[in-house]
Each structure stands twice: as C-alpha cells, then as structure tokens.
C-alpha cells in the first residue's frame, strides 16, 4: 500500500474568517453565519447546528482556474470569451471543475530566506534571478509538471490585513521563467502572486504573472499560502496535494493544500 | 521521495451547482454568480472574471465537523453548548478548522454490490450485518484509524435530485459497529449517511448515526460522495485524502476527497 | 395638514419567504437566515437578534429600474451599455436609486373581473381591447403621470408557486397603449407583467412589454403585486405610493407599495 | 381625491452601497453584485441585467421590528423566546411583516440646531431636556400615534463611515419620555438611536432606548435617516410614510421613509 513511508503533513492553508486579508475586488471576502443552533425545548435530544457561507471564490487560500483571466478577450487555448461561455452562473469552459486533483512534486523556493529578510515587501519584487539563485542555493531542480511555491514571508502576517496587502510579489520575468520550465502550477504566500498595482512595462498590464501563467501557459496560480512551517524546517521538496472544489463554472476555488514530507528524507 | 509508486487518483466529489440535491435544512444549497466579467473597452488587455458563492457548508460533498451535532446540548467530549461556544459567527470549539488534513487508509464497503442491487433505497437500511458480510466478501479488514466509505449506489443519480433524496441510509447498529472499530471517519454516497426521516427506536432520535459517530465517538461523517468509479474497478482499499477548509467556527466544509490506488496492487 | 381625510390603506406587497414564486433567472429568490439570537448566559438582560438576507432584487413584489432592460445594447434615452456604465457592482446610470419616491394617482384595471374569470392564465393574454373596455366599464380615465395596475387575479395564488408562474400576462399592444397615455409606471399581479415565454411576432422579443415600457418609454414596471383586496372593494382609483430602496446601481428594488383610498369617496 | 394639496416630498433614506457605515454586528452590511448582464451575441435584441443582494436587514436606513430585542428573554407583550418562536428562518411572532404601513403625523426635533452645533457627537447624548426644549422652541406638540424624528446632524457625514459611527445618541431618559407620549415610532440620523457602547447606569444595559422603546412599549425605531433637507427647510411637522418590507420572520427591514409637507403650510 502507498504511504507506507510515514510523512509529516504540512498544512498550507491560512485560516478563513471575516476580516482576513482580501484583494479589494473580492471584498467582503468570506462571511460565515450560524443560523441553525443547538437549542433546548425541541423534540429530540439530538440537535444540529449549521450555517451559510457567503464568499468570493478568490478569498483566503485559493487556486485560480484558467477562465479567471483573459488576454484580449481570449482564454488559455485561444477560446474567445462570448456569452455562451461566460454566463451569469459561470464559465462553460475552463471552469475550476476542470482542474483535476493536483498531486505532484512540489518545490519551495524560499526567496525571503535567500535574501535574508523576514519578509519581502512591495517595491522589491521577486525576480528571475532571485528564483534561480534560491533554487541553486537550496540544491533544487525544477522539472516539468512540478508545482513551485515561492515564499515571500508574508504568510506570517496574515493576521494583519493592512500590512499583508503590502506584500512584495513575483515579477513578470520570474513568472516567464517558471512558465518555460513547464511547471503545473505555482503558488505564493501573498495576496496575488504578482505585486499589486504595478504595471509591467513590456506587457503593459498589471498582474502580468496572471497573463503569462494562466492565459499563455495554462499554469494555475495558488494564492495566500502559509509556507512558514515548511520554511522553518527547510523542506524544499515534498509531495504537494491540492484538491480544488468542483464548483461548476467558477473562476477559482478555496483550497487547503498540503505538503507531505517523508519523515526520513 | 514518496509517491514513487504511480497511483490512479479517484475523484470522489460530486459536481457542485445550483439545483444539485440538498437536504432541506440546507436549502438553497449552493449558488454561484459571476459578477466580474471579461469585457472589452477597459484599460488593459488583461481582464479578470470572478464571482460570489452563497452556500450551506453542508451542501454537496462535504464533511461534518464535531460541533455539528449535540446530544442533550453537549458536544463530543462533554462540552456543554453555551453562548460563548455557539456564536453567530460559528463555534469557538470543535469547528471544522480543528479537523486536520485526513490522510489515511480507506476502505470501501460496496454494500449495493454485495446485495446485488443497482442502488439501495429508503426502507432497506444498511445494517451491521450488511457491513460485516460485505467486508468479508471483499476480504477487507477494518482497523483503527481507517476511513470507511459505504456505497449505496445513489451517487449514480446525483443528477436526479428528487430520487437522490430517497436514498437508503446506514442504520444505528451499523454506525455503532463502525464506532467500535475506532475508525477515523466514515462516508457514504447519500445525502445524510443515515436514512432520512427514520427515528431510531432505541435512541429515539432521527439521524442516529450522527449522534453515535460525531457526538459519542468523535468520528467525522462525509456525505454525498461519488463512489461509482471505485466500485466499478473493485477498489476496496486505498489511500484516502480529504482536506476540509479551515472555515473558522463552521460546522462542516465542502470537500473533494480522493482515493489513491497504486497502479500495480 | 395633509392626510386630513382619513384613508384606508391597502397593502399591495406579497409576503416574502424562501419558496415564494420566483422567475427562474432570479432563483433562489429570497433567503433569510437568523444568525444572531436572543440567548441566556450573556452579559446583559437586553439581547438582540438579527440576520442576513440573500436575495435577487427582482424577487417578490418589486419594481424594475430603467437599467434592467436594454434594446440592442442601449438603455432608455439611448445610452449605450459599456463597462463604465455596467459594472460588477451595478449600473452607474439609471440604477434604482434614480427612481424618486412614487406618489401619484393610481388606477386599477381589474381585467379578470371584466372577463368574469377568477384568474387569467397563460394563453389568454391581456390585450389593449381588454384594458380599454375595463377602463370604460369602471368609468376610469387614465392620464399622464398616472400609475396603472392591472389585475389578472393571480395574486390570490401566490402561495402556489407552480401555478402562479403560469399566470397570464399583458401583451405588447396593451403595453404600447399604456405607454401612449404617458403613464408613470405600471404594475400587475403576476411574475413578469408580460406572459412568460411568448415571443412577440412583431418585435421578435420575449417580454415585449419590458422593451416598450422600460427601454422605449422610461416607464417603470412593478411585479408581483397583490390586488385582491383593492378589487374586492372595487377601488379603481387611489393614491399609489411606492418607495424603491436606493440600492446604488441595482436594476430594481423590492417594494411594499400601498394604495390609499379616502374613507368617504 | 386625497393628496389634492401639492406636497414636497423629502426622501429620508441614505444611499445604500458596500462601504456605507454599518454597526459592527451587522458587517459586511450591504453587498450588491450584478451577475446578469446586457451583452451582445445573444438571441434577442432585448437583454436583461440583474443581480443579487447580500445584506443585513439592519444595514442602511432601516426599521427595527419588535422581535429584534428582548429583555430577560421576553419580547414585547411578554412572549418568552423559545425555539418555536425564534427559528433559523426568523421569528414566528413580531417579525417585521407584522409592522403595518406607517403613515402618520411626523415631528422633527432638530436637537443639533437647538444646541447650535453642526452635529452631536458621542459623549454628549441627547437628553429629555434637549427634546422638550427643542419641541418648545419649534412650537411642536407631540401626540399619541405620532412619529418623532430626532436630528443629531450626523446624516450629513454618511459618506465618512468612521466618523459617522462616533455619532451621539439619545439617552434612556429621553427615550422614556417619548415612550410616555405614546409615540408610534421614533427615528434618528445615527447608527443606533442610542449612543453606542454606553451602558445605562439604571437599566444596566447598553442601547437602553432599544429596551425601553421596542421591548417595553412596542415602539419601532428607525435608524440612519437623512434629516438634513428637512432641517434646512425648518420642516418640523409633516406626514411621515414608512413601508417596511414584509420579510417573514425578519427582525427589521431596509426602508425609504419620506416626509410629505404641503407646499403651502
């Protein structure tokens, strides 16, 4: 049977609650309310409690589906967006339900550690050079089909919504480099992978990584990861598991990715 | 590295969409609306689309947390429900965020197959005898910490909401037996594990399995699984992975569990 | 002081609850959940209870704003729909907040009574001839600025969602006639003013009244009224008051219109 | 016909939008998203746009129903709160649907003007003495069945959510005095009628006005009014109209109250 080797499981999801950091377009983010309560004076000794969730699929730790982004109204693969594809209830192609369970080799590039800083802030984006140097320092090779996670260190301040939103991001050149390696997906411990609000001078778009990765290369992006424990333990290679919910037509899904590391490595 | 043995990945989640079967208490179930659209005439060639989800955490394939059920106002472990614990924003103890990533040995008890029926309907509940006989016929032993999935065959009619809700369930005796084996969690391909609307004559409650498993034994219940492919391939033993979202205070979480089976077994 | 003459107040709003009739595009309609509860064991003797509403603005008794409909991508007044006007958070022109409080002379055309039927069902739409004859029989003249309410009798079966949706509607010719009289708004006791699913042979659109009234003439439409009491008391002329909520950018608003009739008339 | 005297209509509702001031218990307040869009490339020249609202019934300008508050678990009239009355879908007694259309004589007590301040801030609550003196200065008598609106001047800063929440409120003694006059309802241009966060030393509760008015006297409270125009025009007496939505079981309703003043008074 598989899993014979005991593994340590790293939980890479940030907690979800109303007030957690959220990209402004997706406000109010995540709201949970408990309307069904355990109470006395009802007919049975067994009682139930449950609630309702109101949330943006791009809140908290989540994965972006390929329909989430377009370039000149074309999705990954060249499909032009039209009303038959982009509907009030979501997309009829490339929705998050088309993302298979992701189970692959994962690589952590701890750029914050490489730069010897606590966290990378806006204004000093992660470059291709940073990624290459970090990989080299870690002794990590990146192969096709791998999932690459980049640590900026901002996962440690998830509780400070204002500060968290000022995290540094990954620039276009770095995204292009990862794309050239044919990775399956990328992820980071910040709000939007890219640095927010910065327009790439060549592509002339904000969030250029989204264009390069999702639209041009069909590479998924996972945001708001918590990479602190992995980094603390210097785990740069692991089995990465991410299981997006099949919310038909949605442009992304909340996820709780995990990294499995054999106990004896 | 782990996962050296190639595995086939079985996706056990039913698709999520408005109109899918839902237990009446959790209506309207799942609603997704796309309010941010790719459109022309905006400033950049890169466009974004995204939406909002409104859903019961107990809709679609989901896991019940331990706070979901109480017996005489006491949760698993004896904690009495009070306003400090049961709040408008959810529970401060035993919320779904306290469920760790579940990665364990999984066992499928294909009771529908054992009974040689296409699906088990209301009125002929799954008994302890059914489970024991099925396990024996499959040559499966159940050990402590395992996750046991029971197939009624109703996962095949997820598209027919009315019929799906008339699925048969697992009776109290069967739930007790599984509890005695100290399983970690159970799951089934029906709306509520138990048969809906049937009051157990001894416990004098409806959904007795919920009382026995969640409240008395701290065993999670996963509902609305799709076990058809696993059953078709006669996969009765696998690595089961289920990663509930850490929605703070919630009584459950939508999940996309998977079963991993080594290619050569 | 105004209102010196005592008036009987007719409440024209249907009750709102989950499960009430709703036009399919606006499902699930109206959902209310109470997550804040009065409970004991808290710090004060004063307790609060409140909840959350999730609803389509076009559910229950409601008024359509002028941005709700377009003809060849142009709104009333010729404004072309574009991304600056039609945004994820609603419209920047002609949103429901631009509807002033409506206080005007109201006229009830009880067509069901004129036809001597309990209710008008799909297949026998209300025509211009029906409206003219009903007005004449009632001795009612319709002037510019008036608000005309048409009774089909279906308000009496609001509780029967399936049957209610099969109500008859008002045809294009009748809508055009009302538009020619320069009414301020119209309303009916059915789901969509027009008969659902019928394409007008001349305009080649479904819901032609919406095109004629909202887009071409800037006349508001109020749907799902309850006109039973007004009709029972043969009140064909009254002061009509309707106060749409200023939900910025929305395409309509739930309303509770009333009709005031002096006690001695 | 009534309304023969032309009237000026004062709109007393504040605009609704995401980000408007909201009492913390009711966050995120009001959210509107437009998921159905006018778009080209569909079958008809007529297109529709509409959305979904997610809101607390106590957001924006709204009225509190009698079930909203309790004293020692008893509602107005002595009804004890129990699970048959207080349900996940709202209250089965005293829900907002039991509030009839409110059409009554309205009186504005412009206390800010009386005190010669731009607005009344937290720390200097409106007292009984303030109300009596203001009424006298305005030459206004208050009778049974009247609806009394108190101006603190904070309606002018609705756009500044932080500052707005620091508004002054009406103290318990003032609320008691209004109750003794047997008014039908009261309203103010602040977030909660009472001053937020202040515990009344005698009643030992916060928001004592809520206890006195709603629970002990069955007097409705309307919050977040905009009284600026009324005040500017020194209109202290008018016909007040408020039409709460019949949201079954809800603890309040958004409203757009108006004040009608005859043009020649």
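Just so it is clear, A, B, C and D label the chains in written order, and each chain counts residues from 1 on its own.
Rule of thumb we're sticking to: contacts are C-beta pairs under 8 Å (C-beta built on N, C-alpha and C of every residue); 3 or more make two chains touch, one makes a residue touch a chain.
Since the model is a prediction, treat every value here as computed from it, not as a measurement.
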C-D against B-C, pair bridged by the larger set of C-beta contacts: C-D
Between chain B and chain C, centroid-to-centroid distance (C-alpha), Å: 43
Interchain centroid distance [CA atoms averaged], chain C/chain D, Å: 25
Where chain B touches two or more other chains, by residue: 18, 25, 31, 33-37, 39-40, 51-52, 54, 88-89
Category of the chain touch graph - line, ring, star, complete, other: complete
Residues on chain A engaged by chain B in the complex (per definition of touch): 1-3, 5, 7, 9, 11, 13-18, 25-26, 30, 32-34, 36-40, 44-58, 60, 67-73, 81, 86-91, 97, 100-101, 103, 105, 203-208, 210-211, 215, 237, 239, 241, 243-252, 254-258, 260, 262
Residues of chain D that touch chain B when the two form their complex: 25, 31, 33-35, 37, 51-52, 54, 88
Residue numbers on chain B that touch chain C, as the complex places them: 18, 27-28, 31, 35-37, 39-42, 54, 82-84, 88-89
